[in-house]
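What follows are several structures.
In what comes next, subunit A is part of two complexes: it sits with subunit B in the first one and with subunit C in the second one.
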Partner chain A sequence: MSLPDTLKMFTAVAALSVAASVCAQAPDADTIVERANLAAYYAGADGRSEARMRIFDAQGNEQRRQFTVLRRNPTPAGDQQFLVVFSQPADVRGTTFLVHKNVGGDDDRWLYLPGLDLVKRIAAGDKRTSFVGSHYYYEDVSGRRPDEDHHELVGTDDEHFQLRHRPVDPSSVEFAEYTTWIDRETWLPMRIEYRDASGRPIRRVEVQKVETIGGHPTVTASRISDLVGGGHTDMQFRFIDYDLGLPDGVFTERALRNPPADWLERPGS
Partner chain B sequence: MSRWYLALCTAGLLAFSSFVPAQEDDWDDWGEDDAWSETSEPTWTGFVEVAAGSRWQEDDAVGRYATLGELRARLERTWTFDGALANNRLDLRLDALGDAVVDDLDASVRELAWGFSTGRWDWRTGRQVLTWGTGDLLFLNDLFPKGWVSFFIGRDDEYLKVPSDAVRLTGYFDAVNLDIVAIPSFTPDEWLTGERLSFYSPAAGGIVAPEPPLSAHDPSMSVANTEWALRAFRNVQGNELALYGYSGFYHQPSPTGPNGALEYAEMRALGASWRRPLGPGLFNAEVSRYDSTDDPDGTDPAIPNDQYRFLLGYEWEAARNFNVAFQYYVEWTLNHDALLANSPWPEDEVDERRTWLTNRLTWRTRQERVTWSLFTFWSPTDNDHYLRPQVTWRMNDTWQLAAGGNLFGGRHPNTFFAQFEDDSNVYARLRFNY
Partner chain C sequence: MKNALLSFSTGKPRLVYVLTALFVIVTGALIPRIHIDTDPENMLPVDQPDRVFHNQVEADFGLRDAIVVGVVNDGPDGIYNPVTLGSLHRVTAAISNIEGVIPPDLMSLAVADNITQGEAGVLRFEWMMREAPTTRAQSAAIRDAVNRLPLLEDTLVSGDGKAAAVYVPIESKDRSYAIASTIGDLVADETEAGQWHVTGLPVAEDTFGHEMFVQMGISAPLAGLMIFLLMWFFFRNLRLVISPMIVAMVTVIGTMGLLIGMGFTVHIMSSMIPIFLMPIAVVDSIHILSEFADHYRRGDDARAVMRRVVGHLFKPMLFTSLTSAAGFASLLLTPIPPVRVFGAFVAFGILLAFLMTIVFIPAWVVRSSDRSLASLDRLREDAGIDSPLARFLRRLGRFAFSGTGRITLAAAVLVVVSVVGVLRIQINDNPVRWFKSDHRIQVADRVLNDHFAGTYDAFYVLTHDDPGAWTRFADEARALLAGQDTDARVAGLLDSAPDALDARLGDIIVAADDAAFDATDPGVADRYQRLMTLAEEAQVEARYFQRPAALAWIEEFQQALAETGLVGKSNALPDVVKVVNRELRSGESLDYVIPDTVPGVAQALLQYQSSHRPQDLWHMVTPDFSRTAVWLQLTSGDNQDMTRVMDAVDEWVADHPLPPGVNGRWAGKTYINVVWQGEMVAGMLYSLLGAFVVVFVMMVVLFRSIAWGMVAMLPLTFTIVGVYGFIGWIGKYYDMPIAVLSSLTLGLSVDFAIHFIQRCRELHAQLGSFEAMSVAMFEEPGRAISRNAIVIALGFTPLFLAPLVPYITVGGFMASIMVLSGAATLLLLPAVITLGRRWLFKDDSKTTEASHVTP
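Showing the complex of A and B:
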């Protein structure tokens, strides 16, 4: 971790403790983003969840995906690992996807195609492209680094902090800015709206359901909409479990080729 | 091949698809807890595919237009077992094929492999597809069998890999990971026999399609003839490093038997590869040395000479949903002077340093449902090329349509890609997944 990162984290921690002690005062934008990042992507030291998606195009044609996600984050807001194992539809069954999210740089991502016994590495550049044909991007699955945007607190109401985010490197993304509505109680981003340079909304994420699981408020249903081309994807999460004690080995090439059945099994099954 | 056969295939596919419930029951009641299909529950899956492909002119040597005309049915299932062994599973993939081009009905096992884990080792025994190395459609250290005919006539990419009957043992350690593969019964490449595609024959001095098709004598199954493939690999901070070793046979035959009968010459290989992120994309480099153990000094023109193979590659997302990849590849034939001096057809022998440049363009549109791609091989040393345009349309989770071409050309018919000029073809495949 570089010195500025360390400082930032120190500042964030300091800001949090100040926020906690003087809780009447609204925290600053960076602090809210840090907390939202933790709430949305770092619940527990690790986790397991099953997910399924219904993907609708502008004409209403539907496609579906079902997969299990394992996640591990040894340190809060630090590096993370994800393993995604697809079970539906038939032609992607057995496909696995491994992400090593590096807070200090680009993520490492691999896809395993069992039909070819091929471990395919995915270039870091294309993280804002569709995740398995859905309206979710790869980056939505593993999270966008907070330091990739400038954050500004633009409003506060009883339920939400409203923030506006502008990319540090505008050429790396398809949007000019986005606005998030972050729940003041759970710190979860409940709504995200992306706009282009002319201010036109182009993409929207809405959280439809939050449940508290193992003490962690968890998104269990959300919708992402393409406001330009039309179409949307509904995503649901079930069979969620936190703090399983997932070992390092679950997030290696070994697991990519040979997914760890013990950890992928549904809790209680 | 008759048109009615394909019509019948298509009708069969449509009829079949209407009988299969397409697993709607698993998915129908979205929102109901119990509608979540159990992921570990074994189910039969697979596809039925009808495919047709043709040259745009009759090939004089083969004597027909058709390159591809088939109905294929796939059955797939994975069984998992609880017990003392971790990750204990059996994978089955079975293909039934009705092939109208060569009038054949065939069933083949693509995969029947039993796998489990013990401590740091993963075992996998049986028929399985094996792949490693960093090249994209270029193979240096991947000396597992390839389906060249399938590749050239436009079957799904999956069929470029021919399964091996193997025992694979993979060990994962802190210092390095190890792959040890033993293949007791040799499986050759699906090479050009003249049955479906024509090719250049130095002896004939032109394009031929032998009748009856060529056949070769496989090495007998024995301990001595067991192929060994080894890999040591490690990921060091995003750098994927690997060392490779192979001992076995060339997968394409040489006329080394009595009266020029085709046999597989022995070979060994050693190599290394490196892949890492670089800038916005991925860089890879690979090298391999082939030792032709039956012809170490290169004086037997029937047997391939020793070679070095080098590869450099880079791929990146040049624009949103548009990926570009380039590869630079050199096959450096050693003892080239000895090859020319001993060859009955020195003018047909490969250049000492044959170079290929490849380019892959991939454009994903309509929410990744339509993918346009073009893969180009071009050899500045051979003055020939091979273009592979393809569009795939994923209509929905069950229906998929692919159409494309395999376009060969070049200045001299005795170079690798130019010899297939009359085999240039276009194809379409319609697949129903269940």
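Showing the complex of A and C:
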């Protein structure tokens, strides 16, 4: 490291410690991550939303997906259940994922493929595989467990807390670290940037639109970009509703073959 | 013009020097702007349909040029041991970090995804080898996993498990030599893993470009040095023999400088321009020097002798230059851009060399001191007239003019044998063969293709086209919405025919969905729902290669390819669908089948996209499923082998017609090579015939006689047939360098004939008798021709040391052309002239009678 760099670093660190002492009320990194996790994945006791996904590859080809997500979390920051039912394109309609997210251990995942008349357990294994060909990973959909990373608050400005996260088990992920910008008001992560071991940005998530629905600030548009291979996925959420009182039965293996039409239907239709 | 040039060159030698120096400086300054181009694709014009389609396919499927890295381990476990796999893991990671490599598309066991059945039939996607195994058992587990995945087997690991490959896609092929060198350094530290090899077409091409550049700096100067030494041997006068070297240098620098300065890239062919120009530039100079040396006596006025020499050499030299230039200019008739550039600039260089020869050489000689020219006198007394060569030529001359029957018979036999050889010529090319067989690229190519299904790619691209699909849908949609106040977005989308049907239908589905939701009237909502269904149906129908029947055809096609024995392996969409289906179901081979419904296929593919490498799917099929590529791996890049595959496919497709609306077309580098070679073979034939006719007309004009014109064509005809007959007999493939050398053969072999005939007629007129002429011909003219032949033939022997086969070929050609056209000129011409003297020398009947009496 050259001398000017060292100086810059030193000044930055000094400035940060000043900033930290000025904003004495700033919470510590773990608390921020906890709040952010709740804001992003635990709004309400349950919820539904309809996602439209447009996947663009480096060649500019486009694919679309449309699915409805039902979510239930009996206890805040606790175990969760997700049901993801595809409606578009027509040839995958009815394809369903069921996820039981267990805070204390591995998630349980199931898959239903109507075209093959098949219900299948998906091994816990690697959650950082593509979600149906998009640039989102399974883990982005259901949330990464806070205790899987070491968190560090690296900056605070008027709008955001800036945190750096390093994986506890670096061999389980493709990144070396990631940085999040968390909105100080809504606690929603507005931007996430993943870097590899050489510090090169490899992947970026950007929230493009936030709306307050049922009192919960909710992301309604976001984009994730592959900074290595090119290409990106745009996700748009609509018909969002919270605290519907979704029953347990919606999230059982049996429900896979018989999707709960009442709950999947758009509100107001 | 001749006189003006001569008085200029002998009268103002200093000015000649200055102008020459200026020309060299200006053109030489352009040379550093050189841009090397080794891409065989450029053998076809940019708008050539096959090239356009090939590029479209590369864009559609995101296909990149790839460097192939291989490691071979002959141990009992092959590459499935912790050391080799660990090494493979490290090397793969290091390669991903090389600038210019495209990591997401890199293929290696270390970044491959594994789809398996976990315990209790649980579906599992995981990296094949996130971390390198540390035990023998773990390595064996990887082997078992690979053997279940037909897309990996024989592509990433050889069938015998002894070799593993890494396919390294690169952003630009211009960087492949640099990247390949970096990889070479990386694997140099990993020798415990096994023997490493680096190859692939882009490496071969770029390495060729690199070595070609080196050869321009080594072979051409070495040939120059050799020619210099030989000339010194013949003329024993350092000052004199420097002048042809200067002429050659000026010609080469001027021509290459102009080529580069005019913005042309230096292609494999144009890199050989210096080597082609050098002999041609030297040939004329040797004629002048040879005659000057024979005529100059101590105390003579060098200027006067030079004027006399150039005076009677001017016409034959002009014509030999014009004919050689015509031979090369005929390459403009070929459809191959780099060959056209090559032909045009060699033709230009030949004319430049002619100009330089008659301007610079006299100026140089005139500027030489009497003392330095005096050695020529001694030379003639010592060796010139009584040298072994001179004595041999006199004997040869007596034989040539008396043994007419034997000579013509022998020539006829040789021609017949050669024609048979020509008919045996095998047309074939493969850029990897441009390296010598012990070159590391050739070695790597052999080893890797021995183990794997092949490092050469070709693609059979199937495209489904249903031109009526949109109209059918749009008519139905409009009928459905008739009489209704149509939603503006929906109406806009139905208005015009789309470029991309799948995307437009997707837009309509979204718009109809929204319109249905927004509609307050349930009837209207229902109609938009029906529109949505209509669009969905049209979309599913247009996604042709998701249909089980379409996949079944491809499956059968792949089976047929395998049965030909010509294809190492084929990879296509059915392979993916079948693997996923198998792992989704029992995991047993009975489920290694295509699902029987469209949703079944679509959902299997959705699962495939849930892996770590979803993008791999789009290398096989376009996201709208209207076009799919069958990737053929071939163990040979020979055009002959590719042609055999194409013939086999044509035959099979004739018996198993493509489904209606589907067309099949070839793409891929191996195919492109076949295309330009086909164009070249036809083009060269055309060009050679064109040149032949032009040269014949020029001969008739030069000698003002059809008979003499025909005689003049004999040596070049004999030489071309002889050289190509020889190639046919020894079984050397007729490839691009060999094809282009035909113009050199034509251009060079007519030279001796022109000089010979011109002098023959002059001497006949001068001496007034056929016999006197026949003796005189084998003095100074015979010596000039044979000196020339020897200098050129031997001068290019350094090319035999080059690591690149085309350079060796040129060396061999030069020698053969010189030997054959020299022999044809000195033996066949006298024989034919003797036979035809009645017609050739019409006013010579008296001496003819006499010659029979006194031999």
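What we mean here is this: the second predicted complex is superposed on the first by the 245 of 269 C-alpha atoms of A that agree within 3 Å, B and C clash if a C-alpha of one lies under 4 Å from a C-alpha of the other, contacts with A are read in each partner's own complex, and residues count from 1 in each chain.
Following the convention adopted for this analysis, a residue touches a chain if its C-beta (ideal position, glycine included) is under 8 Å from a C-beta of that chain, and two chains touch if they have at least 3 such contacts.
Every value quoted in this text rests on a predicted model; they were computed, and no experiment measured them.
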Clash or fit (per the criteria above) of subunit B with subunit C on subunit A: clash
Partner chain in contact with A:Thr68 - subunit B first, subunit C second, else both or neither: first
Touched partner set for A:Asn258, first subunit B, second subunit C, both or neither: first
Touching partner for A:Gln59 - first (subunit B), second (subunit C), both, neither: second
Touching partner for A:Val228 - first (subunit B), second (subunit C), both, neither: second
Partner chain(s) touched by A:Pro170 [first = subunit B, second = subunit C, both, neither]: neither
Subunit B versus subunit C, judged by how many residues of subunit A each one touches: B
First, second, both or neither for A:Arg121, with subunit B first and subunit C second: both
First (subunit B), second (subunit C), both or neither touched by A:Pro89: both
Which superposed partner A:Gly155 touches (first subunit B, second subunit C, both, neither): neither
Touching partner for A:Asp108 - first (subunit B), second (subunit C), both, neither: first
Stretch of subunit B, among 25-33, 79-87 or 349-357, that runs into subunit C once the two complexes are superposed: 25-33
Set intersection of subunit A contacts, subunit C complex versus subunit B complex: 52, 57, 61-64, 88-91, 93, 115-116, 118, 121, 123, 125-126, 128-130, 132-134, 229, 231, 266, 269
Residue numbers on subunit A that touch subunit C, as the complex places them: 52, 57-59, 61-64, 88-93, 95, 111, 113-116, 118, 120-123, 125-126, 128-134, 138, 171, 198, 226, 228-229, 231, 266, 269
Complex contact set, residues of subunit A against subunit B: 50, 52, 54-55, 57, 61-64, 66, 68, 85, 87-91, 93-94, 102, 106, 108, 115-118, 121, 123-126, 128-130, 132-135, 174, 229, 231, 234, 236, 238-239, 249, 252-254, 257-262, 264-266, 269
For the subunit C and subunit A complex, residues of the former touching the latter: 59-60, 62, 97, 102-105, 113, 118, 120-127, 130-131, 503, 506, 509-510, 517, 536-537, 539-540, 543, 546, 581, 584-585, 595, 597-604, 606-607, 609-612, 614-615, 617-618, 622-624
Of subunit B, residues touching subunit A in the complex: 23, 26-27, 30-31, 33, 36-40, 45-47, 76, 78, 80, 86-87, 89, 115, 117, 122, 128-131, 157-158, 160-161, 170, 172, 177, 233, 235, 238, 240, 275, 277, 280-282, 315-317, 320-321, 323, 364, 366-369, 394, 396-398, 400, 433-434
